[in-house]
Every structure is written in structure tokens, then in C-alpha cells.
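Same chain, two partners: chain A is paired with chain B first, then with chain C.
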Partner chain A sequence: MSTASVLVAVFSLILGALLALLTIPVLVWLERRIASLIQDRLGPNRTNIFGFRLGGVVQSFADVVKLLLKEEYYPSHIKMGRWLFMLAPVITFSAALLAFMVIPFADTLNIGDEALRIQALPVDFGVLWYLAIGAVGVLGVVYGGWLSHNKYALLGAARAGSMVVSYELPLGLSVLALVVTYNTVDFNAMVQWQSGTFFGFLPAWGILVQPLGGIILIIALFAETNRNPFTVAEGESEIVAGYMTEHTAMKFAMYFMGEYVAMNSASAVIITMLFGGYQLPWVSTEMLLTHFSSFALAVMVVLPVLVGIIIKWMRKNNTVRGSVSTDGGRGFETKVLSSALIIMTLFIEGVFIYLGFFTENILANTLAVALFQIMVFVVKLMLFNIFFIIIRWTVPRFRYDQVQRLGWYYLLPLALLNLLVTAIIVVGVSS
Partner chain B sequence: MSQKIKTVKRYGERFQDKLYLPAIYDGVKVTFKHLFDNVTDMNAVDTLEYPEEQPKDISERYRGLHRLTHREDGSEACVACFMCATACPSNCIFIEAEEREDGVDEKRPKSFFIDTLECVFCGYCVEACPCDAIRMDTGIFSLTGNSREDFVMGKEQLLSHKGAFGEENSRART
Partner chain C sequence: MLELSLFVILALFIVGGAVATITNRQPLFSAFGFLVSMLAMAGVFGLLENQFLALAQIMVSVGAVVVLNILSIMTVNAKEENLPKELHKYRWILLSAVLVSPVTFLIYKSMSMAYQHFSRLETVSTKVMGERLFSAWVLPFEIVSILLLTAMVGAIVIARKKDVIAKETR
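Up next is the complex of A and B:
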């Protein structure tokens, strides 16, 4: 155990925890803002700290404070299984959190003669871990609903159970087809496989190599995260809040946050298995390292353009209409954020000028590439989360028997067919 | 006798419909267009940023907070006839009458209270008033206070409200 390996392990763990937990308020905010912008409203944009509203993200933190300070109400009619009733939200939340921990955030670091994984849990059986832990999440839902001793909660839990039988098989089979294609159960090896090209010009992304399996996987993961169009475990108009009817304050918040962590994990798995993970199309890690100066030049050109677009957008949109007398500190906020962004850009430019043209430090280059890949991963993750949210606010819900019909009559045979065809092709190509 | 039977065409039987994904694509196109338009120009979103922005569409017919009108000489137009209190469906108008000594009229309210927490803003009092002494044309739509007593409007307060659409004085007997 060298110092470098310990440092990388701690860094990866912290990064994993931050990416899973700190994205919750951002995702809640994104959900509310995107929902309202789709519906031609504005959404939460008022809450601020010293005039800094960051587009309204602060609202989520205010919500957390409110939920923490709420009365911890405990329904008195629950006589048996109190501890499991209290534990159920924790099961759901921690299952979603643990499932996220095997996602590689950047390519394996080669420092000295060690290969260090940038994964919160550095294991090489990530797919199996995700399938195993991801399926535990529904146990929390079922326990919570069952032990609530409430018919709505019980119905919600039963529906959640029916969901599991509907989607688990297609999910497993589509993942199996991908495993056969990549010939590995290691997420990082999958990403490395996808950095090549396909037919000479297409990036070898899973969604292009395995279009049917990819779509089935995406649909099944939508079902696993309990999000639209598969929100059958809760339904305001039919079964109140479903399995979380009797859960209040932080117990409810655990379920609520677990849903967003699960969505985050599902996005991470989708981009890792189907959309090239932390890599840009056509660009593999070795390519970045060997052509480091051109990579540095590309970053130095693209970054100011992006920052310029962000600042221009902020100056246009972080304002109020002419008819409003006060801008509520928005002008000041725009100035501060713009200066912060410009200083950050200048700093990164300086670092890349030094690394790209004045030194030949392999270690520093490796670290810079790893950080760049983490950024690419986060951007892709957020884009896919936004896709999840847009789907939620576009598509009406399935009835739960329709979900079962979809899973058993359509997705399962298709996934089996896909697996068969994949296996034949893989055997044919390799022999 | 042949019955008129109209066969309603059922949708969703084609393969394309059953595939469901093209429909999702069409839906996402619509929602994404809204999202993109609104993100690129937030200020074009047609919402009223209350309270910084106040509504501008309050018309003359809007029934806002009540007011008591004045005569030409500046005294109150009310003659304490109790018509409004009688017409009031929620019994929120409380009038105490007294004799008017200045010769302008015979009677006037000694006290005139409207409990705006009880009031349903139906406007019957305005309809009932024979002297055009009570009106609801102040354009005030938001009423705030720290206690229940703050919402009980007295005579002085009601007389101090200004009409938002001209016509300051009572139009009766002119």
C-alpha cells in the first residue's frame, strides 16, 4: 500500500459520496425547475443566502432544513415491527447509495507500477454488485408499505413488488447481453471497450453496438428507479402516497432522497454501459496521454468559449423584467459569479499551458486527464438525469398491469432474442 | 328500423402505436422545445413575479376592498339606513347610527365596521346602497394584518380609502 494508492482510494470514496449525496439537492431543484419551465412557469427562484440564489438551488437546502426540523410523528397504530418500519427508508436509501459506488469516474490511474481504480469501491465485478444491491432497494419499499398497516401503503408495496417481477428479468437479460458483448463484468473494462470505434467511424458505444439491449436496459432502469412512466408504487389519485403514506419527516425524506440517488445511479449505469462512461467519443485515455499538448490546446480553446456562453446566458437571464423595480441582488450575483468563473478559467488555462508546453511530467498529465474524465462523467451524468426528468414530465403513467404486460410479453422475449443473437454473433466473431 | 351506428375509430392498434417509443419521441420534442425556449429567455416566461410585479389587469368591475364615499363638501355620504347591513349575506357590517346636527342630512353612522374576515366580497352592499356611499372600487386585492382585529375596518379607515378608478365622491343627489 503506497501513499498514492491510499490517496486515490480516499479521493475516490469522497468523490463517490459527494456525487451521490450532493447531487440530491441539485436533482430536486432540477426536477422542479425543469418541470416548471416545461410547463411555462418559473419554479423556485426566490430563496437566497445574502442575495446568492444560484438559480434557486438554495431552495433545496431550505427544504432539507424544514424536513429535519419537522416533528418526528410516529403512527400509534403500528404495534409490530416498529424497528423495521423505521429501518425501511434507510434500506432503500443505502441500497441506492451503495449501487452508485461501483461506477468508475475516470480511467484506472497508472502511477509507478500500480493500477489504481477511481471507483468508490474498487471492485472488478461492478455489474454483479449493481444488480445485487439495486434489487435490495425494493425491499425497503415493501417493508415500509407492509409494516405501515395501512391499505394504501400495502397496495403501494404490493405494486412495487409486482413491478420487480415485471422488470427484473428483462433488466438482467439485457445486462447479460451487454456482458457477453464486452466479455467482462467490470464497469471500467466496459468503458475501455467502448473507447474504440465501430464500423470504422461510429464510436463503439453500447447503445450503437447493442441498440435493442440498450433500449431494454434503459426502460428497465426507468422501472427500477420507480420513475415515470413507471410510478406505480405511488399515485396521488389512487393510493395517496403509496408505500410512504405513513412515513413522515426524515423517514419520508429518506425515501424521497433514495429515489433521486437511485435515479442518479441508474443514469450512471446507463452512461457507463451504453454511452461510453467517462470518455468522449473517439478519444481513448491513451490517445489523450500521448497527444497531451493537443489535448491541452483543445481544452484551452473550448473552456473559454463555454464560460463565455455561461456568462452571456447569466447576464441575459439572471435579471428581472423592466417592469420590476428591484432586481433583488441578481446583478451583484451575476458579477460575482462571472468573476469567479473567469478566475477559474484563467487558473485552468495556466495549468494546462504549463502542463502541455513547458513540462513533461507524466504523473501530472495522468492526473489532469483523470480530472478531465471526471468532468466529462459529471456532465454526462447530469445530462442523463435531465433526460430522466424530461421523460417524467412528458409521458403519462402506465397502469401496473400494463407494466407487467410490457415486461413479460414484450421486453422479456425481446431481451431473450437479443441475448441469443448477441451470443451467436460473439461466438461467430471469436471463432 | 335500422339503427344509426357510428363506429368510433380506435387508435393504438398499429405496430407504430404499440411500439410506444415514437410517441415518446414526439412528446419529448414538444416538452423539450418548451424547455429550450424558456431556458434561453427566462424573462419571456409569462408569469407575474408577484410581489415585485403587481397585477395590471384589475378592471373597474373588480370587487376590491370596500370604501365609504364622501359628499361634495367632504363629509361622509352614508346616511346609516342599514340597507347594506340588511343585504349582507355574511352579516359582517355593523352600523351604529346617530343624529346628524349640521343640517346636511338627518342621520349618519356613529360607527361603521366591516369585518373583512367574514366578508365574502359579493358586492350586495354596493348594490343595496341608495346613496352610493359604499363602493368596492379601491382596487385593493391584498389585505394583511397581524391579528384578527386588524381586519375589522372602522369608519375612518373606510373613509380614507381612495377609489382607484376616478369618481372620488358619491354620485347620489347631485
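Up next is the complex of A and C:
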């Protein structure tokens, strides 16, 4: 155990926790703003701290304060198992949180003769971990719904349980087909496999190598995370709020946050298994390290352009109508954020100029590439979360029997067929 | 020392979960006891540095067995007054514990003999496990899958309604 390995382990753990927990307010905000965009309105944009609105993200923190300060209310008809009634949301939330911890955020760091994984939980069987822990989450839903002694809650819990049972099979089979293709159960090795090319010009991403399996995986993960169009465990028009009807204040917030963390983990798994994880298409880690100067040059050109676009967009949009006399600190906010962005850009430019042209430090280059890959990962993660949100607000929800029929009659046979064909091709290629 | 204390905590959870499984009157609380017991068992496998076994334990026992158990209990949805009375429950539990005590003693004795092998156990990687399963142990593996297939077909035949079968055979 050298100092570097301890530092990298602590850093990865903190990064994992931050990526899982700090994305919750951002995701809630994105959900509301994108829903508003689709429904032709604005969404929350007024809440501020000293004039800083950050586009409305502050609203999510206000929501957290509201949920924390609410009265802890227990329905008086719940006689037994009150501790389990309270524990159930925690089970769901912690299972979703733990499932996120095996996602690699960047390629393995080679410092000295050590290979250090940038993974909150540095294990080489991430797929198994995700499937195993993901299955525990539904137990919290089932117990919470059953202990509520409420017909709607019981129905919601039963639906959630049967959904998991019916979609676990296509999920497992499509994951198995991907495991057969990549010949590993290690998420990081999967990403490395995807860094090559396919047919000479396409990036060897899972979605292109395994199109059917990839689509089944995405659909099954949508169903597992209980997102639209598969929201059968809750539904205002038929079973009220489903399993969380009787849960109030922080207990409700736990379920709510658990749903977003599960969505985040699902997008992370999708991009890791199907969309090349932390890597840009056609560009592998070795390529970045060997051609570090051109990589640094590319970053130095692209970054100011991006920051310029962001600042211009902010100047244009972070204003009030001409008829309003006071701008509520918006001009000040724009100024502060613009200067912060410009200082950050200058700093990064300086670092890259030094690393790219004035020194030949392998360690610093490795670290810079790892940070770049973390940034790519975060951007991809957010894009996929936005995809989840857009699907939720544009596709109508299915009826319960339609969901079950889709799972058993279409996805399961297709996943079995896909696995069979994949196995035949893999054996044929290797022999 | 850390390992020992972790083991004691996990063992307490295993035993407590098992006791809760047999003493609870509500089947869903029994299922929760079983769940705690299984999760703690996975923890013990993890302490033995066999992560594959620990995850397989969670996947099979928790993800499949417990979830299916809970679903079937919820489908039956027995009301409080319909549950059996269970007179002298603890006396019966004690009696059955005494009755199976020779078996318990045997298991304890064989396990304490096998301890030396466990302590020398080398970590088996998932890859080696898979290769062994599909080369040296392929026949038992296939026999088990045929057994499962038979059980599945049998369950479907039993679960089908009688008149459907009659209509089809006519």
C-alpha cells in the first residue's frame, strides 16, 4: 500500500459518492426544466441565494430543506413493524447507491508498477455486483408498500415486485450476451474492449456490436428503475402514489432520491456497457498518452470555444424583460460566473501548455488523461440522464398488462435468441 | 481482531435472522428474517475472501428466492385472523431443535474438521470458477439443469387449470 494507491482509493470513493449524491438535486432540476421545455413553460427559475440562481438548481436545495423540516407523520393504523416501515426506504436508497459504486470513472492508472482502478469499489466483477445489489432494492419497495396496510400501497408493491421478477430475466440474459461478447465481467475491461474499431471505421461500442442485446438492456433497465413508460408501481390515475402513499417527509424523500440514484446508476451502466464508458469514440487511453501534445492542443482549442458559447448564452438568457425595473441580481450573477469560467479556462490552458510542450512528466500526463476521462464520463452520464427524462415526458405510460406482455412475450424470447446467436458467433470466431 | 469482531456481528445476524424466520407469526416478517440471514451469510463469504460466492449468494438467495417468496406470500395475502393459531409454539420449536441435535452435532464436527482446509483456501477467481464449471464439472452441471427443467415443466403442468388440459386432450 503506497501513498499513491491510498490517495487514488480515497479520491475514487469521494468521486463516486459525489457523483451519486450531488447529481440528485441536478437531476431533479433537469427533470423539471426539461418537462417545462416539453410543455412550453419555464419551470422553477426564481429561487436564489444572494441573487445566484444557477438556472434554478437552488430550487432543489430548497426542496431538500422543506422535506427535512416536514413533520414525521405515522399513519396510526400501522400497528406492527413500524421499524421496518421506516427502514424500507433506506433499503431502497442504499441499494441504489451501492449499485453505482462499481462504475469505472476513468481508465486504470499506472503509477510506478501499480495499476490503480478509479472505481469507488475497486473490484473486477462489477457486472455481478450491479445485478446482485440491484435486486435488493425492490425489497424496500415491497416491504414499504405491504406495511402501509393500504390497498393502493399493497397493489403498488405487488406490481413493483412482479415487474422486477419479469424484467430481471431479459436484463440478465442481455447482460449475459454482452459478457459473452466482451469475455469479461469487469466493467473496466468492457470499456477497454470498446475502445477499438468495428468494421474498420465504426467505434466498437456495445450498441453497435450488440444492437438487439443493447436495446433489450436499455428497455429492461428502464423497467427496473421504474421510469416511464414503465411506471406501473405508481400512477395517479389508478393507484395514487403506489407503494409510497403512506410515506411522508424524509421517508418519502428517501424513495424519491433512491429513484434518481437508480436512474443515475442505470445510465452509468448503459454508457459503460454500450456507449464506450469514459472514452471518446476512436480514441483509446494509450493513444491519448502517446500523442499527448496533440491531445493537449485539441483541448486548448476546444475549451475556450465551449466556454465562449456558454458565456454568450448566459449573457443573452440570464436577463429580465425590458419593462422590469430591477434585474434581481442577474447581471451580477452573469458577471461572477463568467469571470469564474474565464479564470478556470486560463488555469487549464496554462496547465496543458506546461504539460504538453515544456515537460515530459509521464505521471502528470496520466493524471491529466484520467481527469479528462472523468469529464467525458460525467458529460455522457448527464446526456443519458437527459435521455431518460425526455422519454419520461414524451412517451405515454403503458398499462400494467401491456408491460407484462412486453416483458414475457417479446423481450424474453428475443433475449434468448440474441444470447444463442451471440454464443454461436463468438465460438465460431474464436475457433 | 477486526475480522473476528466482524465475524461475530455477522454470525449474530445469521442466527438472529434464522430465529426470526421461525418465530414470527406474519410470513412476511419471517421472509425478512430469512433475508437478513442470507445477507449476513454473503458477508461471511466475503470475509473468507470469496467474493464470487458472496455475490452469487445475494443474487440467488436474495434476488431470486426471497423476492419470489415475498411475491407468493403477497399473492396469498393471508389476513391476521386467517393465520394459524400456533399453540405452544416455543415448546414445539424446542422439541424439534432437540430432535435434530444429532445432525447439528454432526455438521459441527465435520465443519471443525474441515476448518484447516478453509483456512488454507486460496481465493478462487471468477474466471477459474467458470472454466472448472464448464470443463471438469460439466456433467453435474447439466444434470442439475435437467432437474430444474423437469421441475419447471412439472410446476407449469400443476399450475394449469384442469379444464384447459381436458380441452386440449379432447
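Brief remarks on what is shown
Just so we're on the same page, the second predicted complex is superposed on the first by the 431 of 431 C-alpha atoms of A that agree within 3 Å, B and C clash if a C-alpha of one lies under 4 Å from a C-alpha of the other, contacts with A are read in each partner's own complex, and residues count from 1 in each chain.
Going forward, a contact is a pair of C-beta atoms (placed from the backbone, for glycine too) under 8 Å apart; a residue touches a chain by one contact, two chains touch by 3 or more.
From a predicted model like this one, the values you see are computed outputs, not experimental measurements.
After superposition onto chain A, the partners chain B and chain C occupy separate space and fit alongside each other.
Judged by the touch definition given at the top, the superposed model places A:R41 against chain B, while chain C stays out of reach.
In the superposition on chain A, A:V324 makes contact with chain B only, while chain C stays out of contact range. In the superposition on chain A, contact is made by A:K316 with chain B only, not with chain C. When the two structures are aligned on the shared chain, A:L84 is found in touch with chain C, with no touch to chain B.
By the document's definition of touching, neither partner reaches A:P281: not chain B, not chain C. Closest CA pair between chain B and chain C after superposition: 28 Å apart. Within the complex, the chain A residues that touch chain C are 80-81, 84, 123-125, 128-129, 131-133, 135-136, 138-139, 142-143, 146, 154, 157-158, 161-162, 164-165, 168, 185.
In the complex of the two chains, the chain B residues touching chain A come out as 21, 24, 27-28, 30-32, 34-35, 38-43, 45-47, 49, 52-53. Of all residues in chain A, only 34, 37-42, 215, 313, 316-317, 319-321, 323-326, 328, 390-391, 393-395 touch chain B in the complex they form. In the complex of the two chains, the chain C residues touching chain A come out as 26, 28-29, 32, 35, 39, 51-52, 55-56, 58-59, 62-64, 66-68, 70-71, 74-75, 77, 126.
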